[in-house]
Amino acid sequence: MKKILLFSGLMLALALGTPTLTTAQEASADASSATAAATERSILERLEDLEAYVNNVARNASTNAPSKIPGPGPGHNAWQMTAAALVLFMTLPGLALFYGGLVRRKNVLSVMAQCLGIAGLVTILWWLCGYSLTFGAGKPFIGGFDYVFFKGVTGSEVGQGSNWISNNVWAIFQLTFAIITPALIVGAIAERMKYSAVLLFITLWMFAVYFPLAHMVWAADGLMCGPLNPNAKIKALDFAGGTVVHMSSGWSALILCLILGKRLGHGREPMPPHSMVLCMIGTGMLWVGWYGFNAGSALAADGIAANAFTTTTLAAATGGFVWAMAEYVFKGKPSVLGFCSGIVAGLVVVTPACGFVTPSGAMLIGVVAGLIPFLACWKLKNWLGYDDALDTFGVHGVGGTLGALMTGLLATPKANPVVESVAQGLMMAQIKAIVVTIFLSVVATTIIALLVKATVGLRVSEEVEVAGLDLSEHGEEGYHQARG
Amino acid sequence: MKKIEAIIKPFKLEEVKDALAEIGIEGMTVSEVKGFGRQKGHTEIYRGSEYTVDFLPKIKIEIVLPDARTDAAVAAIIKSARTGKIGDGKVFVSTIEQAVRIRTEERNEQAI
Amino acid sequence: MKKILLFSGLMLALALGTPTLTTAQEASADASSATAAATERSILERLEDLEAYVNNVARNASTNAPSKIPGPGPGHNAWQMTAAALVLFMTLPGLALFYGGLVRRKNVLSVMAQCLGIAGLVTILWWLCGYSLTFGAGKPFIGGFDYVFFKGVTGSEVGQGSNWISNNVWAIFQLTFAIITPALIVGAIAERMKYSAVLLFITLWMFAVYFPLAHMVWAADGLMCGPLNPNAKIKALDFAGGTVVHMSSGWSALILCLILGKRLGHGREPMPPHSMVLCMIGTGMLWVGWYGFNAGSALAADGIAANAFTTTTLAAATGGFVWAMAEYVFKGKPSVLGFCSGIVAGLVVVTPACGFVTPSGAMLIGVVAGLIPFLACWKLKNWLGYDDALDTFGVHGVGGTLGALMTGLLATPKANPVVESVAQGLMMAQIKAIVVTIFLSVVATTIIALLVKATVGLRVSEEVEVAGLDLSEHGEEGYHQARG
Amino acid sequence: MKKILLFSGLMLALALGTPTLTTAQEASADASSATAAATERSILERLEDLEAYVNNVARNASTNAPSKIPGPGPGHNAWQMTAAALVLFMTLPGLALFYGGLVRRKNVLSVMAQCLGIAGLVTILWWLCGYSLTFGAGKPFIGGFDYVFFKGVTGSEVGQGSNWISNNVWAIFQLTFAIITPALIVGAIAERMKYSAVLLFITLWMFAVYFPLAHMVWAADGLMCGPLNPNAKIKALDFAGGTVVHMSSGWSALILCLILGKRLGHGREPMPPHSMVLCMIGTGMLWVGWYGFNAGSALAADGIAANAFTTTTLAAATGGFVWAMAEYVFKGKPSVLGFCSGIVAGLVVVTPACGFVTPSGAMLIGVVAGLIPFLACWKLKNWLGYDDALDTFGVHGVGGTLGALMTGLLATPKANPVVESVAQGLMMAQIKAIVVTIFLSVVATTIIALLVKATVGLRVSEEVEVAGLDLSEHGEEGYHQARG
Amino acid sequence: MKKIEAIIKPFKLEEVKDALAEIGIEGMTVSEVKGFGRQKGHTEIYRGSEYTVDFLPKIKIEIVLPDARTDAAVAAIIKSARTGKIGDGKVFVSTIEQAVRIRTEERNEQAI
Amino acid sequence: MKKIEAIIKPFKLEEVKDALAEIGIEGMTVSEVKGFGRQKGHTEIYRGSEYTVDFLPKIKIEIVLPDARTDAAVAAIIKSARTGKIGDGKVFVSTIEQAVRIRTEERNEQAI
């Protein structure tokens, strides 16, 4: 029943969306004929536009004549497409492997199905209205409906994201963020949550948490968008998603796994990763993909992107090394899971900071990222006793919060001139942003989780949990032995 | 006929096989098993959780053979499988009443 | 014997090719000294050339003076190299994993060896004369011999592919297409075809089907090249290879698997995928790599590439979601293989359309791609009873044909101005292109398959099939258990 | 104890590095205010600068007025970031899988931990002083301390690497080379070396071999830097690291595995790859990543990069095919490991040559690369009897040396004008470079290995070797069976 | 001496092991097997093809022990392995004639 | 009661299972083993090293059943597992003294 409803909903949406096939482009065609009426730019102005492209700044706006190069700039657009592809790679197959390797063999496919389902679901929502609610002009808390069905989101025009990248590449780049964020939550609730409940929870969560939060932090009229919104109430910094991506998913994951309850046998039976090899492959992919995530967030192949690229590398490598060496010191053996966890932690903590800090700042972030989340996963979790199966909270919740703080501490105009404008009171703004994010995530997740529990139910039956979700929920097994 | 079941350390398999071949025994069936005994397991650590793996990988060899060759075979196994360290394993002997070679339907001592 | 012949052939070809080491570059050196003799371009003309680079249009051709920027444009060339790397990634390891995971454990390496062998073989053929036969000036049905041994295919010159990308990057980009197309066929004949027969079949098939078809569809003097050839008999559209890649491989696969016969035990014994995990990894890689395939086919990092990037994402995600939800509705469980199949189907169907349709068009494509190939694999295959082991026909044959039709239906000048020129009678042209493609694929495959059967034989012996191709044909096993 | 020392060392370094947070950027701020005082560039000069960007040549230097586009050029910078990400991908997870698949199941994680540990360790060293010692101005044999703690290595400035790429992107690009080189050595010493010994050996080796050698070959004042250093004693060519990366690691690997001794049971027990599937995945990733390695070494998305891209593809595909066909001829069966080995060999041999040879030259390289290392692994190794577990010497040592020779033989100004300046006596220069590289690698490795042996010891105990390094050294297992 | 072979549900292994430990039995050999019986299998679907997996994963435990302790061990296994649902498994007992500890060559009851 | 242990070629499992089902035997336990016998192994080559794999994959079927049904079962196995080529495998029969169904504690012939 539910499934049929879901299905019909999609069809309906598509029926609604299809007319825009015509209208959207008509509008843009009109627009371009209007501008074509203006006079020509001078040679100097045309030269300035070309230089603006190289320098990734705005075209000369002091003249009415249209720019001769009004569309995307090839170098920046090339990098932005590459970056978007890299971020998708983080989820599929990156995160699916990282998480899939850490669960027991009988649940490997369920984790993958969750990542795949989220990718599909979020894409449809994003096209429908998610992109519009996030980046359409609106209120400080949420955007508007200007871009529903990707209306006006074309490849030949720029400006929605930045000066030299196609509007639709920007929309897809941001889509890949909207996909990975809820997929991160999967780590906390692995091995016991109903598939239908996952899909329903995520749908509601996108509307209640992700779209508003991403708007607040990254839209030019958002509540906490320090660099772009001069009227922002909270002038915070978040380069690539410390609050939006990691804190929101991490804190929501904590609440959801508390409401969901522990896995059967948790704390009694060993539940070792069924394949550290898969987990390590996923880690490598996450690291590489993260270059798209962080350096792509510069929205250009410029010096800021280069800085984010650099700091990301340093923090990831150092985070991994420090975590494993901490294990070496405290537990006698450096483990592959330690390296992998530390690399991801380093990447998480540097995410909000990467475009604002220097290489030495990144090294400090790497060291801290290798120690604090290590302690969170080792001590805090056992002490509090929740069953965050794959440590989404320990790594992303704790790491994301840490990142927001470290950004406040280490952001410097020397790494990025934009920091100048928000430097005053930055730490306080960061703390406020942290509070808003945690508050929104915790409250919304609690309500949604209880709602889902009351309707389709959150957990699979004991029998299904024992047999494994792969067989029971997806009718497949991860691996088949030789025969014949 | 007798059946010998020997539980040995995995890396000793080639040596045991060779030792048996030397005394003319060339049929056997081998499987991977996990053993639990005096030899203690090891600890694995995964982030927060630490736990002991009690079951150690072992190899089980099964050989069906005429009564007369049993002692020689047991001796060969013991000699070749021994390292002198705990966990070297066991040899068990029991009785088999019938044996048939599927391909030819030969029975009993002809079959093995 | 055969192997020695093969080997000597390669050596001979190399001996023939090596002299061009000298001659090819001499020619190009001459050419550049000739142009250097002309007068200088004016400042305005130089400015226009720079703007032409940003806008990805041709350099000012109204003057004799050579352009000051005659070579590749960095942004476009950067994207084109990235795209070529991504398409190679689709085959190795992407497709090898997607297919490798779906076969039984005993045949996983044979599938990989087929992909690897095809990559090597096709590269050698491409360098020898394949590129020339495809893109050298020639007849409507086949190209000429201008570029044999990559003669005149340099990095400093542009124009063979497009205005701002190196000629040799274009040649390699196209090589990666020429590699993946025959590799797709492997899915239908998996687990039973002789390795020598695969190599021989593919060699002949490249000459009989791929080089001619790619020439007809993409060369400026090709029979069906709607956008570039004003004299084309069939003014069809195929942005990134619906006919050339997916239909040709899909329909050939169908015929070849019919001639080859079913696997032993087909329909009686279960033959589940030995590792859905590998299949899922492969799917993620295919999706990411497909950005190179589709957005790379714009041959620039421009707005058209951006559009292809966008539509590719939407169709893939929607196709996967719809296929799995259709399973949910009709079979009770959404499977990982369903997601993976739907993603690939979405990508296949959007391939010919991606540069010509709007986002909403892509969503519609995604929905259709999630349903029709799903039915083809579920119902059609059982009904017709052929053993297309990994559903190459169901996904690529059916999907490619569907894509050609949907392109006719949804292509719009609003997404790409080039559609204007072929809009009239487009659907009829698409149907003609479909007929030509199917006809060529079916007839050529039949003849070649019978030829190979009569010479080296098509199938392995029963004994080899039972034992697995890995051991018997390649002397290796996919996995070795622990020992010692 | 040792571990605590290691740990504190890192902390100390960080404490030292952090002050540069301030000083480094101050310096650069001063510099830019100084230049801002100069007069304006003329329109023609500005046009020339833009053209210089497209053509990847230096900005007009005949004027004092600062360039209007002084920073990185988007297309080149985009490609350089992509290339750096690709090279990292080669190590993590590429090489880790390639090697990890080839060892026995009980040691798969140890190989991965070695790759991960090297990535972390080398990153820290690189930031500390490695980059500076390699590329800071210095002596013919080693650089200086100008760039310690990445001082002055910013994203907005260019010139340390090339005209149009950010200095820090260049530094990170080179870091990825510095990571993979020692990681290659792991292949020879797999399955028996102590983890602490690996870390210690590599630390010393970086200072004794890698930093000096990379300086000699690639720094503008390096001893053997043919293209950039007019005063170079040895005017050799090495486009992307034949000597620096492959010969140094390959020859060091040989010596280290000789000193380390054979694996227990070597030559008596079978030690087949535990997963050829992983090895094949790794190979695909290596190939794709190698585009960053080779075409990225052009330091721009220009025609030279395009040429390197092309020759890399041809050599890899041909190398793989020839190796497997040689197996087919001599051993009756073409194996997946044969393909994989040949692909890697093709890539290795073409590495020093890729930017200097034509496509036909690359084909010849591919053929040779498929034959000579094949013979080295098959005959030479058995004949000499060393236990190079995964054939680092056979592929990288032999292949790298072969590549240096083939570069001397095939480099041509027709592929790259820079060859002109060193053509005279090139072969002799190549031989000298080979001798220097082998001498340095062999002597330094011998000394370091004996030193490490005398202090922490080189080998694990017999018991650990039998049980597997994963459990004993890292406390983990690669795979866990189903249970419950 | 007797050999007990018990076929149990995999997730019961820890409990059975603990129950046996409680009555002093600390040596055993365990293997992964597939069982076929009254408990019905499940259906898997792969694109077009649907099929039933009849064989379910089970764990086989083998224990060799003195005659006198057999009944206690059987009782302990039954108690700890039971869920009451179909497919809980079986316990079989047979006779072992000889046992040797490889490490020491101790024989029979000393060896186990 | 008797225990039949049959070592067969892996791809014959379905057929043997069906043959046993036909004569009413529906309980069995199956495991993957490696066999060593007259059937020779194969050679694998990895770069420099070439080696012979002596152990071939086989399936072991274990069935406990009443004495009276033993001969029929053995015959059914032999018939369905035979290919006539070397390596078809063996059938061994031994005695089981006790059998218990864990779920119900039914004993002996009721239990199987």
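Labels for the chains are A, B, C, D, E and F, by order of writing; each one numbers its residues from 1.
The definition used in the following text is that a contact is a pair of C-beta atoms (placed from the backbone, for glycine too) under 8 Å apart; a residue touches a chain by one contact, two chains touch by 3 or more.
Computed from a predicted model, the values in this text were never measured in an experiment.
Chain pairs A-B and A-E differ in how many C-beta pairs are in contact, and the one with more is A-B.
Of all residue numbers used where chain A meets chain D, under half belong to both copies. The two sides are thus made of different residues.
Averaging Cα coordinates per chain places chain B and chain F 18 Å apart. In this assembly, the C-alpha centroid of chain B lies 53 Å from the C-alpha centroid of chain C. With centres taken as mean Cα positions, chain D sits 48 Å from chain B. Residues of chain B in contact with two or more other chains: 11, 31-32, 44-46, 53, 94-95.
Among the residues of chain D, those touching two or more other chains are numbered 43, 47, 50, 53, 73-76, 78-79, 82, 265, 269, 272-273, 281, 331, 333, 335, 337, 466, 475-477, 481-484. Chain A contributes residues 265, 268-269, 466, 471-472, 475-477 to its touches with chain E in the complex.
Interface residues of chain D facing chain A in the complex, by the touch rule stated above, are 3-4, 6-7, 10-11, 14, 17-18, 20-22, 24-26, 28-29, 43, 46-47, 50, 53, 68-69, 71-79, 81-82, 84-85, 88-89, 92-94, 96-97, 100, 108-109, 112-113, 116-117, 119-121, 123-124, 127, 149-150, 153-157, 166, 168-169, 171-172, 175, 195, 278, 281, 473-484.
Contacts from chain F toward chain D in the complex involve residues 44-49, 51, 53.
By the touch rule above, chain A contacts chain B in their complex via residues 270-273, 327, 331, 333, 335, 337-338, 341, 377-379, 381-382, 391, 394. On the chain E side of its complex with chain B, the touching residues are 3, 17, 26-31, 64, 94-103, 105, 111-112.
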